[in-house]
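Two complexes follow with subunit A in common, the first pairing it with subunit B and the second with subunit C.
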Partner chain A sequence: MSNNHNQYTIALAGNPNTGKSTLFNLLTGLRQHTGNWTGKTVAHAEGFFDYKGQSYQITDLPGTYSLYSNSADEEVARDFIIFAKPDVTLVVLDATALERNLNLALQVLEMTSQVIVCVNLMDEAKKKGIQIDIHKLSQKLGVPVVPISARNEEGIDQLLDTIDQMVRGDIQTNPLQISYNRAIEEKIEKLVPFVKQVIGDHYPARWIALRLLDGDMSLLQSLQKEPRQFLKEVPHYACNCSTKSI
Partner chain B sequence: MRATAPLNPFEELMSRAQSLTDSDTREQIVSALFQTSQAICRESVHYTKQKKHDETEKLDRVLTSKIWGFPIMLAMLAIVIYITVAGANVPSSMLANFFNWLEGYIGLVFKQLHAPDWLYGILVLGLYRGTAWVVSVMLPPMAIFFPIFALLENYGYLPRVAFNMDRLFKKSGAHGKQSLTMAMGFGCNAAAIMSTRIIESPRERMLAILTNNFVPCNGRWPTLILLASLFMAAGYTGGWKTFVTAGVVVAMVLFGIIVTLTVSWILSKTALRGVPTHYTLELPPYRRPKIWDTIIRATLDKSVYVLKRAVAVAAPAGVLTWILANIHIGDTTILTYITDWLDPFARELGLDGYILMAFILGLPANEIVMPILLMGYLSTGALTEVDDLHSLKQIFLDHGWTWLTALNMMLFSLLHYPCGTTLINIYKETKSKKWTLLAFLIPTSIAIAVTFLTTHIVQWFDLL
Partner chain C sequence: MTQAKLERLSDAKPGERFRIIKIAIEGTMKRRLLDLGFVPGNEVLVLQKSPLGDPTAYRVSHTTIALRNEESSNIYGERMRNEQQS
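Up next, the complex of A and B:
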């Protein structure tokens, strides 16, 4: 999935108030700019960093609780993960409210296998007496889990190493698929062949079937809008960043 | 099927998906998601400081459970109102006695000063008696109700109420957060209108604004509680009387919620069409409130505030009503002209001209409806002394009240147009004269329709 212009893309997803922006700022420093998503009034921040001779472009997605396209924010985040196909999607979770935060991570895992989960605010969790078994969590989710404290700049090296390994293809993920009740699973099974027939193998068929069952019209509209074109549109806007080499 | 390739495969796919979907697919998906998160956390998260977390979860399992959530909510409301009604009787009578005793001395002072009769009329019979009734009738229930309510609020119960109601609001096409703004409305509708800002979708926000009025605010609780205790439980004595009173008030609140949901549903199928959006409601942990702090603050902030507003607006209104009642044009007074003119319409609603006038003059604030009504009645020559609650009931009975009148006044109070402050806020928030007008018209028409129907059904079946 490596890009032709020798730059990997990373998407940063997470609930609001999980320290997502702190991490974003920490990784990119001053190499960032903000703008609006094309045609949407949703703020958008994009930044760049280098690690081990690789350059990365990282996009800070709007903070959302879900990706069910309830709002413009959620739609933007969802479309980016599906259409822009970032090389890595970092899901930032709040260690002090892991259960609620996991909902978003699980939704991302249904959409892409290139996921790294960052459990942020580990310091605060420790203070509150919350112990998180990172190994177990990683085992359950089927993707790497990295404990960090963005505020104290802890765990960042390990995170960068994990990103590096993932883009090199050294990490095999096996993302957890939520099993729904039998009625829904049967419907998904019925729908998946048609999804593949219409949309092709380019997108996660199971996930799309599920969204369609949920009556998600906006997704289909996005799919219909010549997805390839959309894919290119996203990272393009008036920006004069020297690091961008196209 | 495959042989005939459809023209638009996307539409084909969508309609196929739609044929498989049913209304609660989203809920099934979300609950599978939540269960998975929960299962993962159960294995990978451990709490070393367990106590607090556990308590909240255990309590929530009961207080927000599908089976117990609603009964507990209603029972809580009933208990709060029961305590209010039971506790308010004695201090109310004591206050009334005190004011009666004081009036004797005030009368003596007026005699000593050789004050003219009209001055005595305005100040004592109009202003003093009206105010005295308002204070003795409204203060005790407020001083009990508001602190208890505030304790529940500070303990963290209100977000649970919102959580329980969430499902119902979503079913009616509204946003779940409307349950929060509705809960705010139990305090003050004007403040609740501001709080609808938490709802992002303009459509759902408008629903919340237009229906907020259907839950009783601070200004209307006393009216509901008073009328329920005077008229609705007349046939009962002792504990049962209080119980029935509380039951009637709870029924009123329930009815208000039903109207809220129904109106939301109708609007979301017509003028404000759309699908409800999803959101996450965070339930804060239960906290033991600072009990005395809460009680004192609730008493000072709310009770005294409401009372001050009532008295401040009611006092001039009392003087005005007394003057209107004592200036004669021909044989009748101006007040009689007004109430006579309103009377035929009011009768259709099971009210009378005085009640309707009180509601109209009470537009600035719901708190003053009852005071204006009392002053209107008192000024007609039926000079009832401030004695005890029985004589208060006598005032109403002298003006031909029955339980039906009381019921209709309660219904009208519950359902009628929002107060002036709320309307101003609605205009500020929506920036639309049209929607503000609708916020006035929808409740008013419902209030008129419901009281009209109640009256005529009761009369039809001869239930009186």
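Up next, the complex of A and C:
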């Protein structure tokens, strides 16, 4: 539990009601409510756990369908993934509504390559007769996919092992990149060098170029605020994010 | 599927299926609708209208979402009348 330098950070992202908080409680052993008020986790929860001699700090991001609609909780989630740069972002999906959930997963894959996709509620899916080809999903997304049932504590060991391998650098991901139509791709190509010039290599340039093309003012505001704090320790980011959202 | 035949989602009756073709809304609200599953090509089931007729509940990608007339009247597509039911 000592706050040594080897503490890795994990972010938990996912749609509302996919069981992020159940997983969070399971990993950290913290006792909390897992009900659902609107915007419940906007002041996001943090916890700690140890696995195989490594200590981890895990942040439970607000449940969102997207990271682009500019509501307060979506901004919190987006800013955390972009600015706090967690060592691993766990995207929790609802196995019974993959189509809806993959929207967010694809958005996260555009932002960072350190992603593990966690298909939760596998027990529910089984009950409904839904079969999921985990291997194929993993191939298509280009990142590890782990089936779990947080409620029944199934698949957690495999998830922890995958996290362990990722922070050790034993997993090479190749996240699926959405290709847009030619007009957009050309503009991205033009913008990326400028983006890199202005903000360096700290942030995913392609993703930022896309946000600029989309006219995302809220990201610009966050970018203007953030650089001064950039060199500080990650825990400070967590604080900044939550105060900003209030 | 000619353009002239496009109908508004708000005109679809409860029990009907509706295939979205076009969303004539801009900005954040369009983004939000897309995120919620109102995507061109996607099929929506009209569940029920509220007592005063607005908003209306829709089933889209296995989830129930209610939209106001303000939004649903700007979502265009084709009504698929009772192909499965009767």
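To be clear about the criterion, the second predicted complex is superposed on the first by the 212 of 246 C-alpha atoms of A that agree within 3 Å, B and C clash if a C-alpha of one lies under 4 Å from a C-alpha of the other, contacts with A are read in each partner's own complex, and residues count from 1 in each chain.
To be clear about the criterion, a contact is a pair of C-beta atoms (placed from the backbone, for glycine too) under 8 Å apart; a residue touches a chain by one contact, two chains touch by 3 or more.
None of the values given here were measured: they were computed from a predicted structure.
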**Item:** Side-by-side fit of subunit B and subunit C on subunit A, or clash
**Value:** clash
**Request:** Could you tell me if A:K225 is touching subunit B, subunit C, both of them or neither one (first, second, both, neither)?
**Result:** neither
**Request:** For A:R168, decide between first (touching subunit B), second (touching subunit C), both and neither.
**Result:** neither
**Request:** With the two complexes superposed on chain A, say which partner A:L106 touches: subunit B (first), subunit C (second), both, or neither.
**Result:** first
**Asked** Taking the superposition as given, does A:L191 touch the first partner, subunit B, the second, subunit C, both, or neither?
**Response** first
**Superposition-derived comparison: subunit B or subunit C, residues of subunit A touched** = B
**Message:** With both complexes superposed on chain A, which partner does A:Q131 reach: first (subunit B), second (subunit C), both or neither?
**Reply:** first
**Prompt:** Can A:T96 be said to touch subunit B (first), subunit C (second), both, or neither?
**Reply:** second
**Asked** Taking the two structures together, which residues of subunit A meet both subunit B and subunit C?
**Response** 65-66, 68, 70, 99-100, 103
**Message:** Under the stated contact criterion, what part of subunit A meets subunit C in this complex?
**Reply:** 65-66, 68-70, 96-97, 99-100, 103
**subunit A to subunit B touching residues, read off their complex** = 65-66, 68, 70-71, 98-100, 102-103, 106-107, 128-134, 136-137, 140-141, 176, 178-181, 183-184, 187, 190-191, 194-195, 197-199, 209-210, 212-215, 217, 220, 223-224
**Asked** Given the complex with subunit A, which residues does subunit C contribute to the contact?
**Response** 28, 31-32, 35-37, 61-63
**Message:** Show me the residue ranges of subunit B that touch subunit A in the complex, using the header's touch definition.
**Reply:** 9-10, 12-14, 16-18, 20-21, 25-26, 28-29, 32-34, 36-38, 40-41, 43-50, 200-201, 277-280, 282
